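Following are the structures in question.
Look for chain A in each of the two complexes below; its partner is chain B in the first and chain C in the second.
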Partner chain A sequence: MKIATMREAIARYVHDGDTIAIEGFTAFICFAAAHEIIRQGRRDLILCRMTPDLIYDQMIAAGCARKLVFSYLGNPGVGPLHCIRRAVEKGIPRPLEIEEYSHFGMVARYMSGAARLPFFPLRSYMGTDQPKVNPRIQFVDSPYGNGQVAVVPPLNPDVTIIHAQRADASGNTQMWGLLGVQKEAAFAARQVIVVVEEIVDEDIIRSDPNRTVIPGLIVDAVVHQPYGAHPSYAQGYYDRDNRFYLEWDQISREEATTLAWLDEWVYGVDDWSGYLAKLEKREPGIWKRLAPGEAWSQPVNYGVYG
Partner chain B sequence: MTNYTPSEIMITSSARALAGERVVFVGVGLPNIACNLAQRTVAPDLELVYESGVFGARPARLPLSIGDPTLISRATLACPMPDLFMYYLQGGRIEVAFLGVAQIDRFGNINTTVIGDYQRPKVRLPGSGGACEIAIHAKKVFIITHLARRTFVEQLHFCTSPGHLSGQPGERAAWDMPGTGPQLVVTDKAIFHFDQETGEMVLFSIHPGVTVEEVQAEVSWPLKIAAELQITEPPTDEELRIIREELDPGGMYL
Partner chain C sequence: MTKLSTLAEAVASIPSGAHVALSGFAITRCNMAFAREVIRQGIRRLTVSQCVGAMDADMLAGAGAVERIIYGGGSLDRFGRLNCVNRGIEEGTLVAEEYSSLSLAFRYLAGALGLPFIPIRSLRGSDILKRLQELAPAEIGYVDDPFTGDNWLVLKPLIPDVAVVQVQVADEGGNAWIMGPRWDNEEQVKASKRTIVITEHLVPTEVIRREPERTLIPGFRVSHVVHLPFAAHPTSVYRAYDYDAEHIRHYAEATKTPEGFQKYLDKYVYGVQDHWGYLELVGGLKHLNNLIADPILGY
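Now for the complex of A and B:
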């Protein structure tokens, strides 16, 4: 049985010192998983994400990580990530090692990991200082005599955590919207936790196979967690809470206010239901505010053969 | 003459530079408004591409980030990021891309990584994101930034994204860079082009009411000035109407 609570899934699959990828480019960022990792007090993690976003800002402020692998360090559309900056610039709450790529470099690392290749070639980094500060970015000559190309090594997380709209009980997972590098990060990982807005019947998955991004074959745990991506979003289910992204810019400016926020919103609740209850108490109309209008796709006919 | 803000003349100057273009890689903020304005004025066939994996976006509201869900709904295509970087960008399908900068040098090389030493940064900036490969592959790069001496520097603290490198002719080609590099820098005081031979930034036009001395005061190197220096055409009433009523009615970026 793959269906698990978030507490069970994190306890079973995420260990101190692990390399973790919680992917999702602006969309589908699984804050529910991050908060549970913080609550369970994981330490010395190597956190990988193209855009660390607020999710890793919070985990790093809570002292979960010893290293960050990334390609864009910002609060998207707002400004800097203050907690990660404090860790990098001042070693607060602890020094943070960084390993930095460009977006394409991170994408290529996941592809390499997913395909079990020793490296992945890309045309990037030429003429820049990036390879000087990250010796894992290398250049190789083409064996066909047509020039040089940059290469990056595979990234194989111990655990990848993906948030999506829906999956069946076996973990066959469907997504629509920004697909990011979720498929690549999942196939690259040794173990995969999928967190979904809805658990659906296998029949629903089978009615639209082109929309299945991750097969149950590679999924170890399925967690049913509606609104588990807040303040990020799930396309068609709820909008990004841009107001919180702006609020975090203020909360995270000082270590004290950050820790007070973690105390109240992460350590101060038992689980994600507790977080959601607090959210709804603070702003009773929150899900109405974040509800998108409806824009349904037209169904397609796959046909019946035989 | 109608009053306009520095952001508005940056937007209209950028939008007009997209005349006749087909595929643009958009950033958030001013580039987003500029591209949407261009689509409604000088480039009706313009396809908006976002690095989050969206081609042919028709945003119904002003996106706060490049991953805003409004970019997905009604888009032509949404793809995984490997497709975006391998087939669209590296595959040579992007004609113009907008980039922002923390520092830029006279050859259009860009720093968005760090102020001070990389290992012991004075200020840690976001880093590359997709900027490095965009600067290499987009056929042309347009830069939008405020004119300031701390931005227009003699020496970058870190080169995140390549421009015209050291200005030697053929240097980008020698590195196998398919794109032609930075072609335009739009600021709140002036517009710059790049010398086709030397790759050096050249003052092309100054906005109404701005002097060459004011521009030079905000640039750390002695500026080359175009033989026939222009005065930037101010925004028209129609452009301002579209910006204020349709594109940014909340005035978030204006």
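Now for the complex of A and C:
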């Protein structure tokens, strides 16, 4: 049985010192998992992500991480990530090692990890200073005489956590909308937790096989957590809460206000239901405000064969 | 911008000697109408690549249109071997570069990403690699992994002149969906210099836009869109029609000898003017109707 509560899944699979990837590009960012990791007091994590976003800013503010492996650091469209900046510049709440790539550099690391390759070549980094500060970006001459190319090593997280619209009880996971590097990050990981808006019958998954991004055979735990990506979004379920991204810029400017926020919204609740209850109490119309409306896709006929 | 063309126009854009990547896999989504038209137009000396050798490649090879095949083995699935490909190899008229299917998909992937090489875990310690080294030594290289010092096999990108892809749904601009299994098709298209899309259904662009993540082939890669129902007959197209077992059995039998295959070609390729003539010859609507995936019932 792979179905677990968030508390069970994090307790079972995320350990101090682990390398963790919580992926999802702009959309599907699983704050519910991050908050549970913070609540359970994990330490010394190596956090990996394309765009650390608010999710890692919060985890780093809570002292969960010793290292960040990433591409593009920022509160998208708003400004810098103040907590990560404090950790890097001042060691608050603890020193943070950073390892920076371009976006495609991170994709290449996950691809290499997923295919169990020694490295992955990419036509990036030439003429940039990034290799000077990141020794894991190397250059190799092609044996075919067609030039030199950058290579990056595989990234194999201990645990990858993915948020998606739906999965069945075996973990066959379907997503639609803006996808990121979830498939590669999941295949690269030793263990995979999927967090979904809905758990559905296997029949529903089978009715549309091309939407299955992550097959159940690589999934260890399935967590049912509606609205688990707030303030990020899940296509067709709720929109991005841009107000919170703006608020976070103010909250996170000072260590004290950040810790007060964590006390209230993370440590001060038992679980994600507690967070959602607070959210709905603060703004009763929140899900109406974030409702994405309806734009249904046309069903397709796969036919019955053999 | 419309890229709609007739099959004859699309095929005429391919010069003899070109490298053509084919979308078929054994007896599924093969470019059969395309192969018949290539043969009718007398295009020769092609290099053909696909990760699993299929019926389209076999027919082209049998007709003498292919000089070199780059593939990962192949068959007519439960109907037998690729007799024409095998005969060509045995008689020395066809050069075969044999890979594993994955390693060929990796070569397309390297081409798609514009990489000078790509590492792979497959092939090492196999006779496939030994033979490739004898046949095409320039295609095999090694690099030292800068992170561990280990020596790794790296493959060259494969960049076909044109990918020819049988799809279920496309718009006039060439934005296309492939439903069901897709094997190496996405990497083939993105590695190739251009793509010819052959589609069962032609839909308005707004239908394509409704489900953006299904668009496997972006239109800007596409030079020609050919709207041609049953273009993969006698092979199958998921959700459109099943394979024609009787016809494939007949083909497998006919290709056992060069004479038998010649008779097959005379009847089904040279004996008809175009695809519509072919569809009439194989039994017309009455016969094809048995193969259709019924739009109401779904099978």
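In the analysis below, the second predicted complex is superposed on the first by the 306 of 306 C-alpha atoms of A that agree within 3 Å, B and C clash if a C-alpha of one lies under 4 Å from a C-alpha of the other, contacts with A are read in each partner's own complex, and residues count from 1 in each chain.
Operating definition for what follows: contacts are C-beta pairs under 8 Å (C-beta built on N, C-alpha and C of every residue); 3 or more make two chains touch, one makes a residue touch a chain.
Quick caveat, the model's predicted, so the values are computed rather than measured.
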Partner chain in contact with A:Val88 - chain B first, chain C second, else both or neither: first
Chain B versus chain C as contact partner of A:Pro143, first or second or both or neither: second
Touched partner set for A:Ala115, first chain B, second chain C, both or neither: second
Partner chain in contact with A:Gly177 - chain B first, chain C second, else both or neither: both
Touching partner for A:Val151 - first (chain B), second (chain C), both, neither: second
First, second, both or neither for A:Asn301, with chain B first and chain C second: second
Touched partner set for A:Met1, first chain B, second chain C, both or neither: neither
First, second, both or neither for A:Arg123, with chain B first and chain C second: both
First, second, both or neither for A:Pro292, with chain B first and chain C second: first
Partner contacting more residues of chain A (chain B vs chain C): B
Where chain A meets both chain C and chain B, residue numbers: 122-123, 147, 176-177, 179, 295
Residues of chain A touching chain C in the complex: 115-123, 136, 138-144, 146-147, 149, 151, 153, 176-177, 179, 209-211, 295, 297-298, 300-305
Partner chain A, residues of chain C touching it in the complex: 113-121, 138, 141-148, 150, 152, 154, 156, 179-180, 207, 210-211, 213-214, 236, 238-240, 242, 293, 295, 297-299
Touching residues (chain side chain B, partner chain A) in the complex: 28-29, 51-54, 63-69, 72-74, 78-82, 85, 89-90, 113, 118-119, 121, 123-133, 136-137, 158-162, 165, 171-172, 175-178
Of all residues in chain A, those that touch chain B in their complex: 25-27, 50-51, 70-74, 76-78, 80, 84-85, 88-89, 100-104, 107-108, 111, 122-130, 133, 147-148, 176-184, 233, 235, 239-240, 242, 245, 292, 295
